[in-house]
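Common to both upcoming complexes is subunit A, partnered first by subunit B, then by subunit C.
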Partner chain A sequence: MTTSTTFWLLFCVLAPTLLGLATLWLPKKAITARTLLALLGPVLSFAILVQHLATHGVSSITAPVASPVVEWIPILHMNLSFMTDGLGGFFGLLVSGIGILIVLYARGYFGPDEASLYRFYPTLGFFTTAMMGIVLSDYLLVTVMFWELTSISSFLLIGWDRYDKHAVKLAMQAFFTTGLGGMFLMGGVLMLGYATGINHDEGLWRWSEVLTQGAARFNPSDPLIIAAFGLMLFGATTKSAQWPFHYWLPGAMAAPTPVSAYLHSATMVKAGVFLVGRMFPVFAVLQIWGNIIIPLGAFTMVLGALIALNQHDLKRIFAYTTVSQLGLLICMYGLGSLHYEGHPNIEWDITQIANHAFYKAPLFIIAGALGHYISRDITQLNGAFKKQPWMVITMLLGGYALAAGPGTISFPAKEFFLHAIYDAHESIGSWWMLLMAMAAITAMCNVAIFVRLLTTLMGWPGGMKPASGHGHDDHGAHGEHEHEHGFWAQLIWIPALVLVSLQYVGGLMPGLWSQWFAPLETNMYHFAEGVPGALHAFMHPGVPLYVSLVAIAAGVTVGLSGLMRGAIVDVHDRIYPAMYWLAVTGGGRAFRTIQTGRFRNYLVFVLLAFLAAYVAAMILDPAMMDVPPAESPFEFVPGVLLGVIICATSILMPIVQSRVVRVIILGSCGFSVVGMYLLYQAPDLALTQLMFEIISVILFVLVLRMLPDLKETDRASGRWWRFSLGTLTGLAIGWLTFISAQSGAEPKLGEFFAKNSYTGTPDTQGRGGGGHNIVNVTLVDFRGFDTLGEITVLSIAALGVFSLFPRRKPLPTELEFDDSVVRGATA
Partner chain B sequence: MTIILSICVAVVFAVSLYLMTGRELKSIAMGVFLLGHAANLSIIAMSRTPVRHEPQLLKGAPILTSSFDPAHPMNSIVDPLPQALILTAIVIGFAVMAFLLSLLVLTSRKAGTLNLEQLGTVATQDD
Partner chain C sequence: MTISSPVLRNSMRLILPLTLLYALYAMLKGHNEPGGGFIGGMIFATAICTYRMSHGFAAQLRLMPIHPRYLIFLGLGMALGTSAIPLLFGYPFLRSAVGEFHLPFSAHPFHYASAMAFDLGVMLVVVGVAVGMITQLSEELE
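Right, the complex of A and B next:
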C-alpha cells in the first residue's frame, strides 16, 4: 500500500459530501439530475471500497494493516490513515450500500418537492461521510471527530421540519444525549492514550496499534484502563440507545422516514455496536466487560421488545424493536467475553449486524411509504393489502425476518445468539436461564408484532381495528407531500425490496452468504464452514431450538389475542425534559440567588473565600504561622515615623466626618507612601507617586465641590462585621507580606533586567536596552507590552471621563427642531 | 523595617476593606484608592530591598557605583522588577480613580444620592 491508497480511501470517505454539495449547483427544478448526482457519492464510496478490499484483502484483526499515514495534525495524534479490517470494511460497505438505496428512496419519498430534495441530499452526504469516517479511520481521535459529526448531522436531520417545535425539541434531545456520549468517548480515548503511554515513548492512538499491542500493554486491573474503557463504553451505549438512554431513538422518529431508515435503524445507531465490536478483541479481557455489557444489553433488549408491542405508530414500533435489537447485539459482544470450549462464545457477529440492517431498514422504508399513501397508525391500516399490495408484501417479508422465521438469515442469527446464551452456562452458572427467558420474551414480542402486521395488513380476523378516539402521534410527513407518479413513484418501496431480498438470499442460499461474509468475519468457531441452512437447527435439536419454538408459539398466541394492544407512553421519555427543566429553571433560580447585583455581597463572597483559603493553607502547613526572625523594628526612626503616619491617617479615615479633612488625610497617607518609596530606594516610584498623589488630591477636592454634601444616614449599619472582616483580611495579608519578605530564599527576578538594560548578553542575542535607568528600560523595552496596556487603560479612562460629561455648549436638543419639518420629510 | 511595613499593609488593607463594604459611594472610592497603596506597599516589602539610611539620590551620588559588577548585578543594586511593576500599577490605579470619580459625580447628579440602598430604589423607579 502506498500513500495514494490513503488518498483514495479519503476520497471514499469524502465523496458523499462532495457530490452532495455539488448538487447545490444544479438548478432547483432539475430533480432527476440532482438525484443521479447525489447517487454518485455513495456509489463511488462503495466502488472504491470494494476495489480496495479486492486489491489489498481484508485486514486481519490480529495483525491489522492500516494504510500509510498522511500527516494531518500529528501533535494531536490526528492523522489520516484508514484500516479496512472485517468490521470496518463491512460497516463501510453497509453505510455506502444502504446510502445508495436511501438516495433513491428519498426521491420517491419527497416526490416532486424540490425544496426538500435541495436541502436533503447535501445533509445526507454529510452524514454518510461522517459515518464512513467513523468506521474506516485508524486514528482514534479522528474516529471521535467523525462520531461527533454524525451527532450533528443527525440533529440536522431529526429537526428537518424547522417550523415544527416538537421535532426541534426531539432533535435537541438526540443531540444532547449522543453528544454527551461523544464527550465521554473522547475522554476515554484520551485516557487510553495516556495510560498506554506511561511506560512507553508513545501511547496507543491508532486502532491498528491498539489491536496489535493493546493486549501486551494493558494490565486488566489497571484503574486507568478500566476507567478509559468505562468512558468509551458510555459513549457507545448512548449512541446505540441502550437503557436508560434509549429514549432519544424513538424521539428521533420525528425525522423524515429516509432518515429514520438510514440513521436510526441501519447505520448511526450501530456506531455504538461498531465501537464495542472494535474494542472486543482487546478489551474483552476486562472483568467488567461481561459484568456490565451482558446485563445492560439484555435488559435493553427485553424492555425495547415489550414497549414495541404496545405501540400503534409503525415508526415507533420499529424504533423500539431497533432498541431491542441493539440491546441484543451489545449483549452478544458481552457474551463473547465468556469462553466456551476454549474459544470466545460468539459466532458470526457481522452476520448478526447485517441481519438487522437488512430487515429493519426495509421495514422503516415501507412504514414511510404506507404513511405517505394511507397512514402510519397500524389501527388505520386494516386491509391495506388491497390498496398497496407490493408495499404490504415487502413489509411482510421484512416482518417475517423480524420474527426470525426459517428461510431468512435472521433465523440462524437468532439461533447463534440463543446458543451463545446456552453455552454461557459454563461461565455464569444458572444465570443463563434468566438470559434465555429474556431472549424468549424478546422473540415472542417480535413474533407477535409480525403476526399483528400480517393479520392487520391482510385484513384477516384478529387484526388491529381503529380504536375510538385513538391517539394519533405521528409527527412525520404523513400526507404532507405531493404524490409522485410513474417510475419515480415506485422508488418509495423498491429499495426496501432490494434490501430485504438479501435476507432470503442468506436464508435460502447459506453457501452464497458464507462466501460473501466469511472473509469479513473473525469469530467463526463451531460453524467455520459457513452459516447453517434453515434445516440445520431442526436436524440438531437442543435447548435453543425448543426455546425458539416456545417463543414462536407464545408469540402467535399473543399476537392474535387481545393482550397488549394499547399504545403506552414510555416513562423514559420524561428523562430529557426533566433534565432540561432542571438545567433551565433550576439554573435560573441558582443564578438569581447567587447573582444579587449588590457590590457588597460580591466583595464579601470574595473576602470570605480568601479567608477560607488562608485557613486551609494554615491547616495544611502550620509552619507558615511560625514567627520568622526579624530585625528590630526601631532600627531606623524615619521609617517608623512614616509607618505611624500611614497607619494613623488610614485609621482616621472612617472616623472623621468632614469631607475636606478626609481628603487631607487621604493626601497625607499618600505622601507618606511616597516617603516610604524613597526609603526603599525607589526614586522612580516616589516621583510618579508624588505626581499622581498631587493630581489625585486636587481631583478629590474638585469632585467634592461638585457633590452635594449629603447626610450619611447609614454609618452605623453593619459596623461590627465590617470591622471584623476588614481586620481579619488585613491581618492575613499583612502576615503574608511579612513572612514572604522574611523567608530565607533570595529570588531576585530583576537580575536579567539589570544585566541587559544597557548592553546585551547572549540571552538577548546581544541586544541591550541602551539605558542606564533599569526601571525605565524594563518598562519601555522588556515589558513594553505591559506599558502599552497601561497606556491603553489610561487613554480609555481619559476618553471615558471625557465622554461622561456633557460639553460646555450643549448641542441643540430635539425639542429645538421643528418637529413638523422632520415629519413632513419622512412622510 | 519589614515589620513596620507589614503592619502598614495590614492596617491600610483593613481600613480600605471596611470602607469598601460600606454603603456610601464616596467611601467606597476612597477605599479603592487606599487599596492601591496597600498592594503597592506589600509588593515593595516583598522585594526585600534593604533600607538605606541615607538615600543616595538626596546626596547626588550615582546609583551605579564603582562596586557594580556586571556579572552579578544584584549584589550591589536593588531588584528593579518590583519597581517596574508598581510603576505600572500606580498609573493604572490613577486611571481607575479618575474614572471612578467622574462616575461618582455623574451618579450624584442623575440620582441625587450616593447611597447604594437608595440608588437601588432609584433604578427601579426609572424602570
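Right, the complex of A and C next:
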C-alpha cells in the first residue's frame, strides 16, 4: 500500500459529500440529473471500497494493516489513515450500499418535490461521509470527529421539517443525547491514549495499534483503562440507543422515512455496535465488559420488544424493534467475552449485524411507502394487500425475517444468539436461564408483530381493526407529498425488495452467504465451515431450538389474540423533557438568584470568596499569622503622615452620604497614594496613578450625575453587615501586604526583572528587554501579553460605553459649529 | 462640561502644547526613563480633557478631528501587529527586536527596541479610551 491508497480511501469517505454538494449546482428542475449525480457518491464509495478490499484483502484483526499515514494534525494525533478490517470494511460496504438504495428511495419518496430533493441529497451525502469516516478511520480521534459529524447531520435530517416545532424538538433531543455520548467517547479516547502512554514514548492513538499492542499494554485492573473503557462504552450506548438512552431513537421517527430507514435502522444506530465490536478484541478481557454489557443489552432487548408490540404507528413499531435488536447485538458482544470450550462465545457476529440491516431498512422503506399511499397507522391498514400488493408482499418478506422464520439469514442469526446464551452456562451459571427467558420474550414479540402485520395487511381475521381517534403528527403522513408516477414511483418500494432478497439468499443459499461473509468474519469457531442452513437446527435439536419453537408458538398466539393491542407511551420519553426543563427552568432560576444586576451583591460574592480563601490559607499555613521579625514600619514620618490621610479618607467613605463628595474623598485618597509613591521613589507609578486619578475622578463625576439617588431605606439595610465584611477584607489584604513586604528571604520577582531588563542573563537565554526602565520593560516585554490583554479589555469597555450611549445628535461636520464659545473667550 | 474661567482658558493655551509634547516625550523615552505608553496616553488624554473643559467640545474637535474610536482601532491594531510580526520570522509572539544604529549628526548610537511601536499602540488605545469615554458621557449629560 502506498500513500495513494490513503488518498483513494479518503476520496471514498468524502465522495458522498462532494457529489452531494455538486448537486447544488444543477438547476432546481433537473431532478433526474440530481438523483443520478447524488447516486454517484455512494456508488463511488462502494466501488472504491470493493476494489480496495479485492486488491489488498481484508486486514486481519490480530495483525491489522492500516493504509500509510498522511499527516494532518500530528500534534493532536489526528492523521489520515484508514483501516479496512472485516468489521470496518463490512460497515463501509453496508453504509455505502444502503446509501445507494436510499438515494433511489428518496427520489420515489419525495416525488416531484424539487425543493426537498435539493436540500436532501447534500445532507444525506454529509451523513454518509460521516458514517464512512467512523468505520474506516484508523486514528481514534478522527473516528470521534466523524462520530460527532453523524450527530450533527442526523440533527439536520431529523429536524427536516423546520417549521414543525415538535420535529425540531425531537431533533434536539437526539442531538443532545448522542452528542453527550460523543463527549464521553472523546474523554474515553483521550484517557486511553494517556493511560497507554504512561510507560511508553507514545500512547495508542490508532485502532491498528490498539488491536495489536493493546493486549500487551493493558493492565486489566488499571483504573485508568477501566475508566477509559467506561467512557467509551457510554458513548456507544447513547448512539446505539441502549436503555435508558433509547428514547431518542423512536423520537427520531419525526424524520422523513428515507432518513429513518437509513440512519435509524442500518447505519447511525449501528455506530455504537460498531464501536463495541471494535473494542471487543482487546477490551473483552476487562472484568466489567460482560458484567455491564450483557445485562444492559438484554434489558434493552426485552424492553424494546415489549414496547414495540404495544404500538400502532408502523414507524414506531419498527423503531422499538430496532432498539430491541440493538440490545441483542450489544448483548451478543457481551456474551462474546465469556468462553465456551476454549473459544470466545460468539459466532459470525458480522452476519448477525448484517441480518438486522437487511430486514429493518426494508421494513422502514415500506412503512414510509404505505404511509405515503394509505396510512402508517396499522389499524388503518386492514386489507392493504388489495391496494398495494407489491409493497405489502415486500413488507411481509421483511416481517418474516423480523420473526426470524426459517429460510432467512435471520433464523441462523437468532440460533447463534440463543446458542451463545445456552453456552454461557459454563461461565455464568444459572443466569443463562434468565437471559434465555428474555430472549424468548423478545422472539415472541417479534413473531407476534409479524403475525399481526400478516393478518392485518392481508385483511384476514384476527388483524387489527380501525380504532377511533388517531392522529398523524409525524412527517410523511398521507397526502404530505405529491405522488410520483411511472418508473420513479416504483422506487418507493423496489430498494426494499433488493435488500430483503439478501435475507433469503442467506437463508436459502447459506453456502453463497458464507462465501461472501467468511472473509469478513473473525469469530468463527463451531461453525467455521459456514453459516448453517435452515435444516441444520432441526437436525441438531437442543435447548435453543426448543426455546425458538416455544417462542414462535407463543408469538403466534399473542399475535392472533387480543392481548397487548393498545398504543402505549414509553415512560422514558419523559427523560429528555425533564432534563430540558431542569436545565432551562432551573438554570433560569439560578441565574435570576445569582445575577441580581446589582454591583453590591456581586462584590459580596467576591469578597466572601476571598475571605474564605484567606481563612483556608491560614488554616493550612498557620505561620502566615506570625508577625515577621522586622524593624518597625512606622519609622519614616512622611510615610506615616500620608498613611494617616489614606486611612482617614477610607474611613470617611462609607460615612459620607453624597456620592459626589465620596468621589472627591476617593480622589484625595488616590492623591495621597501618589505622594506615597513619590516618597518611596517610584516616579512611574506616581505619574500613572496621578493621571489615572484625574481621569477617574472626571469619569466618576460624569457617571454619577446620571445615576438616580439611592433610597435611604436601601442604603440602611444590612449596613453593619456590609461594614464588617469590608473591614475584614481590608484587614486581610492589609495583613497580606504587610507580611509579603517583610518576607525577605525568598527570591523576589523584582530582582529577576531588574537583572534582565537591559541585557539579560542565562535565565532568559541572554536576551534582555533592551531598556533601563524596569517598569516599562516589564510592561511591554516581559509581561507584553498582559498589556495586550489589558488594552483589549480597555477597548472593549470603551466600545461598551459608545454603544450604551448612542450619539443622539450628529457630529458637527463644520468645524465652525458652536465656535461662539471659543470666540467669546478670546474676545 | 465647560468651565468658563478666563484664567483656566488662557493658561490652558500655554499648558496644552507643553503637556502634549511631554506626553510624547514620556512615551518615546519610556524604555529608559520614567514614562511609557500608558503614562504618555494618560497625560495626553488628561490634557485634551482639560482643554475640553476650558474651551468646549468644538475646540476639542478642532484639536482632534476624528472620533476617538479610530484611535482605539489603530492602537490595538498596532499593538497586535507588532506582537504578531515576529511570528513571520519564526520567533515567538511578542519577541522584540533590539538594536542600535548611528544617526548622521550624533556621536551616540541611537538605541531602539521594537517594543516602542507596541508602546505607541498602547498609548493610542489609552488616549482613545479615555477621551472617548469622557466625550461620550459628557455629551450624554449635555
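Points worth noting:
Operating definition for what follows: the second predicted complex is superposed on the first by the 653 of 827 C-alpha atoms of A that agree within 3 Å, B and C clash if a C-alpha of one lies under 4 Å from a C-alpha of the other, contacts with A are read in each partner's own complex, and residues count from 1 in each chain.
Just so it is clear, a contact is a pair of C-beta atoms (placed from the backbone, for glycine too) under 8 Å apart; a residue touches a chain by one contact, two chains touch by 3 or more.
Because the structure is a prediction, the values reported are computed rather than measured.
By the document's definition of touching, of the two partners only subunit B reaches A:I733; subunit C does not. Of the two partners subunit B and subunit C, it is B that touches the larger number of subunit A residues. Contacts of A:V801 after superposition: both subunit B and subunit C are touched.
In the superposition on chain A, A:M653 makes contact with subunit B only, not with subunit C.
Applying the stated contact rule after C-alpha superposition, one finds that A:D781 touches subunit C and leaves subunit B untouched. Touch criterion met: A:F692 reaches subunit B and subunit C at once. In the superposition on chain A, A:G771 contacts subunit C only, with no contact to subunit B. On subunit A, the surface patch touched by subunit B in one complex and by subunit C in the other comprises residues 683-684, 688, 692, 695, 699, 703, 706, 772, 775, 779, 787, 794, 797-798, 801, 805. Those residues of subunit B that touch subunit A in the shared complex are 1-24, 26-28, 30, 33-34, 37-38, 40-42, 44-53, 55-57, 64, 70, 73-74, 77-84, 86-88, 90-99, 101-106, 108-109, 112-117. For subunit A in complex with subunit B, the residues that touch the partner chain are 598-600, 603-604, 607, 630-631, 633, 635-636, 639-640, 643, 646-647, 650-651, 653-654, 659, 662, 666, 669-670, 673, 676-685, 688-689, 692, 695-696, 699-700, 703, 706-708, 710, 712-715, 717-718, 722-723, 725-727, 729-731, 733-738, 740-742, 746, 748-751, 753-755, 757, 759, 772, 774-775, 778-779, 783, 786-787, 790, 793-794, 796-798, 800-801, 804-805. Across the complex, subunit A is touched by residues 1-2, 4, 6, 9, 26, 30-39, 42-43, 45-46, 49, 55-59, 61-62, 65, 67-69, 72, 75-76, 79-80, 83, 93-94, 96, 98, 111, 113, 115, 118-119, 121-122, 125-126, 128-130, 132-134, 136-141 of subunit C.
On the subunit A side of its complex with subunit C, the touching residues are 683-684, 687-688, 691-692, 694-695, 698-699, 702-703, 705-706, 768-773, 775-777, 779-781, 784-785, 787-788, 791-792, 794-795, 797-799, 801-802, 805, 807-808, 811-812, 815, 817-819, 821-822, 825.
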